[in-house]
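Next come two complexes, and both contain chain A; in the first it sits with chain B, in the second with chain C.
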Partner chain A sequence: MKGGGFRIYALAYLLFLYAPIILLPLFAFNEGTVIAFPLTGFSTKWFVQAANQPTLWQAVKNSLIIAGSASVLSTVLGIFAARASTRYQFPGKAGLMGLIMLPLVLPEIIVAVSLLVVLLGLGINLTIFTVILGHVLICTPFTIAILSSAFQSLDRSLEEAAYDLGETAVSTFRLIILPLVMPGIISSLLISFTISLDEFIIAFFLAGTEPTLPIYIFSQFRFPQAVPVIMALGTVLVACSIVLLATAEYFRRRGLARSGAKDTGGFL
Partner chain B sequence: MTAAAKPTMIEFRDVHKYYGDYHALRGISATIRAGEFFSLLGPSGCGKTTLLRTIAGFEEISSGVVLIDGKDTKGVPANKRPTNMVFQSYAIFPHLTVAQNVGFGLRRANLSKEETTRRVAEALEMVGLRGYGARAAHALSGGQRQRVALARALILKPKVLLLDEPLSALDKKMREQMQVELIKLQRQVGITFILVTHDQEEALVMSDRIAVMFEGEIAQLADPETLYRRPTSRKVADFIGTMNFLPARILSETAQGIEVEAQGLGRMLLDPTQAPGAASGTGVTVGFRPETATILFEGQKADREAMGTIEEVVYYGDMTYYDIRLDGTEAPIRLSMRNVFGRAVLEIGARARVAWSPGALVLFR
Partner chain C sequence: MRRSEAAHGYLLVGPPALYAILLLAAPLGTIAVYSFLTDGYLEIVREFTLANYHEAWTNELYRTVMLRSLGVAMAVTAVTVVLAFPVAYFVSFHVAPERKSLWLFLITIPFWTSYLIRVFLWKVILGFNGVINSGLLGLGIIDEPLTFILYNVNAVVITLAHAYAPFAILPIFVALEKIDRALLEAGQDLGESKLMTFWRVTLPLAMPGVIASVLIVFIPTIGDYVTPQLVGGPEGRMVANLIQLQYLKLDNYPLGSAIAVSAMSIVTVVSLIFLFLNRRFLRGPK
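After this line comes the complex of A and B, so read on.
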């Protein structure tokens, strides 16, 4: 066998990465309250219990509002930035783009604490709105990265051709640019939605009295009897995340195929 | 030729274009006639594409005037100009079908659906793509994309069609075929075609007139034959085909002719039309094309003969190129000879008698 050692390493690595996630549905469908082997029997009661908790539903609602708003806002900002950075040359462009992309590598706890200090200093109440603000900040670098590659693969002469054939700048954007970058926009929406949905630190600091789903989950861990319910909830969340990301990647690839560009690797 | 009687379609008056400090167009003045197949020829970076884009309205000129059909184009945006362009990359909209691409320009014309369909079919027919309307644009071959781009630009019946190196992405065979098709198409529609190319052969084959550009200036504007036979500068002569240069000096000059003595060729009297260029101050030379001189074989005689030694032989099948150093010269000249059946190709080191004629010479000074 070729590279036997590396093969074992790779397997162990994957196991370490995914085994805990596989345990999630395992215990979610387990009869017993205690998270331990052996399993005691198949049951969907934890899912039913989860569905019957009003505080959980409130948290889900908050999270959906936040993720929805943050993904739309950050994608819109991303479109502007990506368009500007791929089409125009202006002084200080590289530095400016670097600053915008910085939250990508900045520790989230730093971002969260600084935002909290500033918001409190300004006398702004902590609500869903402040969480949206924080999430837009951390999502925008991702949307710019995705959308820049979409705008980059656009041949400039496509715009000029539409313009040359009598269209205005606005109708050219609508008829040519938008359809061609649409897969990128959808992919950007889905990825920023996912990021916002399971973001914990910023939400924890800025949510005030309106907890998001991750905060709710964290708070429930104090009660042992609630743990199987959380397992059930976690299972649902993992399933949703996989579906969202797979959809995003599908649209990204379709966009490349459509414009005839070469795949240079995406997020997945 | 009745070209001179045609009205002017485009006029450049002292057009300058700066990109920051870079002086891309340096005082272009020229006229392009209606219905003409006009080429802008030059090496990359000479400003030919910039000049084309000033006609389309994609580049704003820094100073000067560009008139299209007698109207000043200042402040007129690209979408309001009576010109359409075929882009180097063809710029076919990849998310639309062939028919949607071709009919794109008709959106603004408010035609009925039937009329649009009819005109799209007509345009596709014209470029030889009948029945391709429903195809997805990204599934086309290079040659087909080229045709779609042509149909899309011509469907609006522009006054001027601008072609930015449209054949450069095609392979040699396809390119030669498209050259002929473009000429035919231009004759058929009668629209002024302006072609940008760096391929001198392409320009010679296709154009009614050619403007040769170097470094933002038009070096010479003439019909292909004049350009080839009477280039006004060594630079133009070198860019278009091959030309041999021999150092010379002017002995006397009158209205009847210029008496010249050239290295390796001796004394001769040239007609004033054989010195079409202005003095450049870089020294006097005479030039001639490889095919205007021939090697004489035994028994052949000519009015003007020069002796030389063959230094290099390049065999091309139908032609052989000989590099011959004429006695009394430093650098070899190149001759091209058609290979005649039964006559042997000469060998390196052989002595050769070269027949030349003063009428084929051009004087540069």
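After this line comes the complex of A and C, so read on.
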């Protein structure tokens, strides 16, 4: 076995990373109301209670609408930006791309308050729509990161061949480029969907009276008796995001395999 | 006749750039302007003033919170990057090429799962009846629960270090992957020990990745809201909690904006100093 000491350290590190996720189902299936050890017995009642809360379902519905819209919009914007940055040279490119990628490092609270000030200043009511505006902003850099690697690995001669055979720029894009980067697009949709579904602070500032799932969860933390239900909900959420991410990873790898590129590691 | 290269580029970058200008650059400009306006009762008075900055920088409470945020962000960055480096090194140098993406995937999964719930679980782990305390009590290592690990700065640092771990690992991994392995062999052929080869060849070549990790952890950490709110207790509050208080509770937009702009300026200055100190690593190949 290679790298003995390093391997032990890396496995310990993975355990540290996964500690909260491992504990989550333990408490979700635990009968006791208090979230602490020792566990008191197996029960699925918290899942039943979670499923019987109308306010929770409303929050889920809001979150799904937001995540669905934000993932489509940010992936469309990401396609434009990734194509522009991988295929064309133009003055001011670094500055413009820097601005578009800025939310990747900018603290989310700054994005949240600055949008809040402008939206209120323009007299726009805070609704699901305003949350979508904010989420598109923070998802777009991630979609660009994923899509850039998909566009980067394209062979330019395929495109030139299509032009020579009389296709226009638009039909070449639709017939040649789009099918090749499709796995990247699906991966980008899934990742931005996951980010939006999980995002709290921007939604907290911009949602007005229409809570999203994270806002609902955050509000429930104040009531100790509500916490086991949240653990059950969290277990479902973690399971869903792992499925989404595994699917995204599958498509990302398939995309790389299709265009013949070397796999340089995960997304992000 | 096809349009020129640049025109094509602008046409494509147009929609996302326009979106970022309207919904990011313009709002950031707006809070910069707001920070110089006067907060009147129920409305904002359009009168230029430096009073908000004076308040943000001299008020004892605000100054304490700002300094604490800076301290926490630096501590989290140091802990995260130091702990992450060996993991990145292991995956890059010791894992078989076909297993690398699996490792990276495993490292990134926790990052994508509900942030709120993860932070809350740290509260469970670190709490008075928490996993650590009940474990240590059960083993007879301690006689009474440890209280210094929840509702203070330590808890904030531990939780944030956990949250930003993948952010620190990936840039370092990418930098390590780019290192030509022949250079390491050359180092050892020329009589350097393994440790010296690491110190004089691997580490300097990995520095761009380390620097990227530092910035990508440091900048968002200073503005984190959820972690200090949930596990920080009163003495662990950070600048984002202060900004939220000014905007949503006290309705003082100008002062909130001044605090936000100050925090961003401090982050920018610290990052620039850090980049300046490391400039020799960032020069391209001669």
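Note that in this section the second predicted complex is superposed on the first by the 255 of 268 C-alpha atoms of A that agree within 3 Å, B and C clash if a C-alpha of one lies under 4 Å from a C-alpha of the other, contacts with A are read in each partner's own complex, and residues count from 1 in each chain.
Going forward, a contact is a pair of C-beta atoms (placed from the backbone, for glycine too) under 8 Å apart; a residue touches a chain by one contact, two chains touch by 3 or more.
All values derive from a computational prediction rather than experimental measurement.
Engineer: Give one word, clash or fit, describing how chain B and chain C relate on chain A after superposing.
Structural biologist: fit
Engineer: Looking at A:Leu178, would you say it contacts chain B, chain C, both, or neither? Reply first, second, both or neither.
Structural biologist: In the superposed model, A:Leu178 contacts neither chain B nor chain C.
Engineer: Check whether A:Ile242 is in contact with chain B, with chain C, with both or with neither, and answer first, second, both or neither.
Structural biologist: After superposition on chain A, A:Ile242 lies in contact with chain C alone.
Engineer: Between chain B (first) and chain C (second), which does A:Leu99 come into contact with in this model arrangement: first, second, both, or neither?
Structural biologist: second
Engineer: Identify the partner contact of A:Gly166: answer first if only chain B is touched, second if only chain C is, both if each is, neither if none is.
Structural biologist: Only chain B is touched by A:Gly166; chain C is not.
Engineer: Between chain B and chain C, whom does A:Ser157 touch in the aligned arrangement: first, second, both, or neither?
Structural biologist: So A:Ser157 only meets chain B here.
Engineer: Please name the chain, chain B or chain C, that touches the greater number of residues in chain A.
Structural biologist: Of chain B and chain C, C contacts more residues of chain A.
Engineer: So if I put the vertex at the Cα centre of chain A, how wide is the angle out to the Cα centres of chain B and chain C? Nearest 10 degrees is fine.
Structural biologist: Computed angle, apex chain A: 90 degrees.
Engineer: Quick check for you: in the superposed arrangement, does A:Leu23 touch first (chain B), second (chain C), both or neither?
Structural biologist: Once the two structures are laid over each other on A, A:Leu23 reaches chain C alone.
Engineer: Between chain B and chain C, report the minimum C-alpha distance in the superposition, expressed in whole angstrom.
Structural biologist: 6
Engineer: Give me the intersection of chain A's contacts with chain B and its contacts with chain C, in residue numbers.
Structural biologist: Touching chain B in the first complex and chain C in the second, no residue of chain A appears in both lists.
Engineer: Taking the touch rule as given, give the residues of chain C at its contact with chain A in the complex, in rising order.
Structural biologist: 2, 5-6, 8-10, 12-17, 19-21, 23-28, 30-31, 34, 83, 86-87, 89-91, 93-95, 100-101, 103-118, 120-122, 124-125, 127, 129-131, 134-135, 162, 165-167, 170, 173-174, 177, 215-216, 219-220, 222-226, 230, 240, 243-244, 247-248, 253, 256-257, 260, 263-264
Engineer: Residue numbers of chain B touching chain A in their complex, please.
Structural biologist: The touching residues are 56, 58, 77-79, 83-85, 87-89, 91, 93-95, 104-105, 107-108, 138, 152-153, 156.
Engineer: Can you list the residues on chain A that touch chain B in the complex?
Structural biologist: It comes out as residues 155, 157-158, 160-168, 176, 179-180, 258-260.
Engineer: Can you list the chain A residues touching chain C in their complex?
Structural biologist: On the chain A side, the touching residues are 2-3, 6-7, 9-10, 13-14, 16-21, 23-24, 27, 34-38, 76-78, 80-81, 83-85, 87-91, 93, 96-97, 99-100, 102-111, 113-118, 121, 133-134, 136-137, 140, 144, 169, 191, 194-195, 198, 200-201, 205, 214, 217-218, 221, 227, 230-231, 234, 237-238, 241-242, 245, 249, 253, 263-268.
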